[in-house]
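Which chain is which? They are A, B, C, D and E, in the order written, and residues in each are numbered from 1.
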Amino acid sequence: MAAELTLQDVSLQFGGIKVLQEVGFVVEPGQIFGLVGPNGAGKTSLFNCISGHYRPTSGTVRIDGAEVQGARPATLAGHGLARTFQHPALQLHATVLENVLLGAHSRLPGGPLEWALRLPRARRAERELRAEALELLERNGLGWAAHLPADELSHGLHKGVELCRALLMKPKLLLLDEPAAGLPHAEVETLIATVRRLREEDDITVVIVEHHMGLIAALTDRVVVLDHGAKLMEGTAAQAQSDPRVIEAYIGKDAADDAA
Amino acid sequence: MTLLELEGVTASYGPVQVLDGVSLRVPDNGAVGILGANGAGKTTTLRAISGTVRAGGRIVFDGKDIRGLRPDRVAALGIAHVPEGRGTLGDLTVRENLRVGAYLRKDAKGVAQDIDYCLDLFPNLQNRIRSNASALSGGEQQMLAVARAIMSKPRLLLLDEASLGLAPSTAKNVYDAIRRLRIESGIAMVVVEQNANLAFTLVDSATVLETGRNVLTGTSAELRGMDEIRRAYLGG
Amino acid sequence: MDKFIQLVVDGLSTGSVYAALALAIVLVHQATGLINFAQGGLAVLAAYVAWWLTNQGVPLVLAILLSIVFSFALGALVERYLMRRFERGDPDTAVVVTIGLLTLITGVAGWLWTYNNQQFPSLFSLETVSLLGVSVSIRSIGTTLAIVVVMVLLQALFAGTKLGLALRAVAVNPQSAAFSGLPVGRLLMVGWGLAAALGAVAGALVAPQLTLTPGMLDNALVYALAAVILGGLTSPVGVVVAAWIIGVLENLAAVYVGFIGFDLKVAVPFILIFVVLIVRPQGLFGRKVVVRV
Amino acid sequence: MARVVEAPASSAASSFRRRPWVRRAGPLVLLVVLVALPLMLPEGANDTLARIGVFAVAVLGLNVVMGYTGQVSLGQIFFLGLGAYVTAYGVTNDWNIVLVFVLACLVPAVVGLVVALAAARLGGLAIAMVTIALPIVGVPLAKRLSDYTGGSQGLSARFTDAPEGTGLYDDQWQLYLVFLIGGTVFLLTRNLVRGRYGRAFAIVKGNENVASSMGISPYRYKVLAFTIASLIGGVSGFLYMVVVQYTSPETMSFGHSIELLVAMVIGGAASIVGSILGGAFYVVVPDLTNAIDPSLTALLQGALLLVVLFLLPGGLASLPRALTRGRRRSRAGRGPAAPPTTPSSTTGSGTAAEEPETERQGHA
Amino acid sequence: MRKHLRSRRALGIAVASAVAITLPGCAREVGGGGDGGSGGEASPGITDDSITLGITTPLSGATAGPGTCTVAGITAYFGAKNAEGGVEFGDGKTRTVEIEALDDAYDPQQAAANYDQLKDEVFAMTAGLGTPTNRAWRDAAIADEVPQVLIMTGDPLFSDAEESPWQLGFVPIYQNEGEAFGELLASSGQDHKVAILSQNDDYGEGYVEGFTSAIEGADNIEVVEQLTYEATDTSVDAQITQLAASGADVVFNAMSQVPLVVSALQKAQQLNWKPSWFLPSNTSSPGAVLEPGGGAAFPGIYSVSFAKAPASPAFAEDEDVKAYLAALPQYGNYPDPPAFPHCQWSWMVGATLEQAFSEMTEPTRENFMEALRSIEDFQAPLMLPDTTVNTTEDGQPAVSTVVVQKYNGRGYDTVESFE
């Protein structure tokens, strides 16, 4: 069920500023794909072009062969695309479970009248997905927090909740925007394990934007490095880390030595 | 000569005690790191110093007890806080942000010079000078946040997670600039940093916090050599 | 043709009334990030104070100056002891608090000075001059010019002065502003005080024309808000121009567009807002804010 | 750091509410009270309760679009007025009363839908200004369409006298109608703002980017919320005619729209109970200030509003929370919760099947 | 206004209604709902030594000025009477008259609520200002058989005895005022071009209707332009500009907003347009309108009236006026000189009610309505010569005769012809 994502010559302009210049790559179904580059290189913009929050100025974005550039994010969600955000955006006063259940929105049947009347179909579906959401939380070590308000959880746990929310959408293609940012080392390890398991158990294609080279190296099958809106190189993480252009533009000489 | 001294500082959010007796000593021109896991109380320690949380214990800056002072009074004494998440003024332009930073200064000429100095320190800001801060990239915002802080000509800089969300090379650039600033101006610093490797490029000594208490204090060299520290906090 | 020009001039004069109130709303918004429904109420209260002083034999100009001082103090006190509790909370609640304040102030004015109409002496004479074949009263010209002066001062305050910058900084992010040594509380008080003082100027300018009653500016408030939205919340020049546009277009539409007429001309500013905002969400003169996702 | 290990979720009050027999008996008791109340109260109290019902429904509609979905609407009174006019017109033309009711719901809903299709493109204050135009233009429009609206003299329609044979007084009959129709609307809305649509509205209010990446089109859900609010506004207009039996352009003057907004915030935004309290505030406060001193009503109303919000910035519905704040603070403190130190983290699964009511969703 | 309309029982009502909600009592008075007081038994609101009257009127908001006046005039009238011991009724008893006034802020819904609150405590409702606010509970008053009389609206519905058996308006219907001026103009013998500016509601329409019906067939009168404005407008400059362009020499002005009338007069002068004006009775006060508006600049300002203008020097020595001006601050809690004619009108309402009371032989609402409907040619205090209260003519309110007056720079003179 994992989706194939194809980008061809994607360009994006704001006013006169070229944010992306003819970026293209193919993510095979089931791959874990990394997107790296310095701040301002256009990674998040590219992400937004894929998720429909931006409309590329030119070029095509295909999910399983169907052109989707310019489609609204809400439509793309129907195509099996899910994403997380750089700063996890949870409903802080709602419980963790309610937050996760939001991901089930498109899978729940029925119009407003049906829900207002609490017809059996809606109630049954809600009950089933509630159970599924709890199981999902449990599987990700968050079962204990299901009924706590989200604002009582730490930043790192928010990221986990957000991931569960995206997973409850049963996506074919998952975009993760800086999942490791602000996480202490131990939690990054957990994250790596989680994403690995995702691929094995859930059959999802994953695209990750991340600065944490350790995570990129440990997880990804392929990476694309962006710089100034253009593709600098494509290959494995190891190739990227040893590519002099990447070191120059992204990792920095000394830092490359430091990063153990 | 000690510029800043914390002794047995406590703080809580509601009934939740976050600082449980933190001590810290920053010499004149010194730079001290605070390391630790999420929720260990690093950020809260900085907030206690800058007056944004109510704290107990003793906080002495330049011989004066500053505990309980309002944030703007603390700033007026020469302590500049660069908060986590940068705290730039989004609707204001880069230049306006810098001018706000110099709010307390009366020397117009000196302010103009310092703006030039900041732009020299962070060349990326040069061509964004008229942009709204909210339109800057993450790295540029971090640079702006630091630049705005030094516009007040502080004697002590509180730096909270300056590398958060930055690409390695960008984070390095920011730290390079701060190191240069330290060398050129001699501003003392308290640096909270998740990435301990990066922190050690800047600070002389550091303390490790755990559940609101100091558990280890030492020079950079000492701490860097300790295996357990490496494993637990440095991601090694 | 004469009638056309006269209608335009009339519209500018009416627009100036909206503009006076709109400027005060912009000021408080720039300084606290809040839409203040009570702004008109504060202006009316100031006008009553000035009117009461003139009745005690105080010369008009001095009375207005005293009312400006009074308003500054009142605005600052209102911020300190009322609004501060709501400034960090839900903005809807803060707006509702200003609505409550408007009701309270109107009630106080009605209680102290009755709901009867009072004649407020004008700073400018009612004599007319002929310009381009149309007649304009010196009062209209004076009011309009005074509003332009206020607008320029306000623009200069925000764009050029340290105080203006500090007020804006506090509105954007109070805590971060405090880290730069800005005395946040005092600046918020100053912001409200200035807005109230500006309201006092506005009240003194328009009271002769509208006749002083506790609800004098209630009907103008909606127009002023429309001008604020249309002109862009950040731009004093923008809101004044927008207020003029509203005043003029409203007149022209009433006279020259048959199905609108004088009864539905009130729809004009809203249609205008709708059309403009679809094209330019930040308003005619507002600064576009680019936010990174 | 200090950890707050959470004892299962809640204060005594809500765990009481969660007991099965309470949850089943509660509605029954409420129903009995609602049936008995009109028979036992004096006429004046029944009249007041009925008027509270009218405006509670209007506030509820406003809550759907503003409290739950976050779109500032200053036009709610227009839909009340529209519903009232449709009702008055239908009744004076002797249309079937059921048809009149349906039209009083549908006409405002359709108008609301059309307005929303345009207005929902705007955000923030802009949508406030476009919606405030509804009552402001509605008043002269109602005068212009005097063939249907009776112009500035308005329309009277007395159609809710108690039917012969019921043995009820008019006020009792009217209150029953309000309870029946208003109660149904409240029940349906309460169901709607929990579950699928409640979560969707909440995320549209909270973060449109997240909403759209969940497959929730913010535009469509804003339009939906606005349409539902208009429909509920129409119902409140029908009830207005049930109780007041007269409508004129003044019914929808924009000042009342502002007062509805005040009532919503005073009652408590995004709260079912708050809608009722808001309706009560709207109705009772003018009566109360009249009783204290009719020449000082504006002053007293303003002062009362400020005092209430100063003490309870979250509105009247937050009173229980405010009273138990001391106890709550221990759990709601800023310190982030952490996983229990023991790995047996299975506390949640047992209660899960019982679908605990999600109080937080609605602050109800 | 430093006054308190507070009734002694006001707090009692509040407490009682709170108690009513929390502690449901089972008793319900027989006679609530549909069937009002019947036969010889006393109606609510009247005892052997007192009678209570209810008013719902705007005391806050845009119409609070005239609204406050409507309460002040009648309160002053009966205050003075009570101070003399009370009012003598036709049944031989002397009763003090209490006024219970509530604020409706010109909101029909609130007016209806006020009525609901007052109906079982007051004997009759009276003097309230406003068309929609009185219409809102007219049906209910009929059903409950509660008098709603001598109210301040020129809406003819209230003076139709068939349609409104328990109602009676006080002030002339708007049509009458417009008609009086139209007749004057039509009989002037000269050609006139008339410009009309009217408020866009039943008030403005009524005036215009009366005026146009009076000039129908008069070929010396031509209406050259007719415009409207909204009561909520902040300015009528554009209307005046357009009317001035029509070249009219007479303005028929049907506006009820004092500030706008003042600015209309000023604007016309600025345009150097000096027509003759007709102003309605409620917006033609010499002190509040014509002086600030510079009325002396125009060749003629006409108005219609049935009440003496207390500020006019002509009436400085008038006994009625002196009594009235003394009572208003003392008993009506209205310290300033009256700014609206409604103060005088409701003073006359008081006198008219007293006249009805004196004919009442039973303490019932039916009997009161009968007595009220049989007043003929009663010259209430403050009434101008040639005007009277006459309640026997169906289709007309208590006052239906008006005289046309012309502004003389300080007050008004009654005129017979248009000069």
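Throughout what follows, a contact is a pair of C-beta atoms (placed from the backbone, for glycine too) under 8 Å apart; a residue touches a chain by one contact, two chains touch by 3 or more.
Since the model is a prediction, treat every value here as computed from it, not as a measurement.
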B-C or A-D - the one linked by more C-beta pairs in contact: A-D
Greatest separation from chain D - chain, by CA centre: B
Distance between chain centroids, defined by C-alpha means - chain D, chain E (Å): 38
Interchain centroid distance [CA atoms averaged], chain A/chain C, Å: 47
Chain centre separation in whole Å, for chain E relative to chain A (CA means): 72
Centre-of-Cα separation between chain D and chain C, whole angstrom: 33
Chain B, residues touching no fewer than two other chains: 39, 137
Chain A: positions in contact with at least two other chains: 53, 154-155
Residues within chain E bordering two or more other chains: 1, 60-61, 68, 200, 230, 232
Residue numbers on chain C that touch chain B, as the complex places them: 162, 165-166, 168-169, 172-173, 175-184, 234, 287, 289-292
Residues on chain E engaged by chain C in the complex (per definition of touch): 1-2, 60-62, 64-65, 67-68, 200, 227-230, 232-235, 237-239, 241-242, 245, 258-259, 262-263, 266, 269-272, 288, 292, 294, 336, 339-340
Chain C residues touching chain D - in the complex, by the definition given at the top: 35, 37, 82, 85-86, 89-90, 92-93, 96-97, 99-108, 110-111, 214, 222, 225-226, 229, 233, 263-264, 266-267, 270, 273-274, 277-278, 281, 293
For the chain A and chain D complex, residues of the former touching the latter: 51-53, 72-78, 81-83, 85, 89, 91, 93-95, 97-98, 101-103, 105-106, 108, 110, 112, 115-118, 122, 126-127, 130-131, 134, 137-138, 141, 143-149, 151-155, 157, 165, 169
For the chain D and chain E complex, residues of the former touching the latter: 37, 40-45, 47-49, 51, 139-140, 143, 151-154, 156, 158, 161-162, 169-171, 240, 244-251, 253, 255-256, 283, 286-298
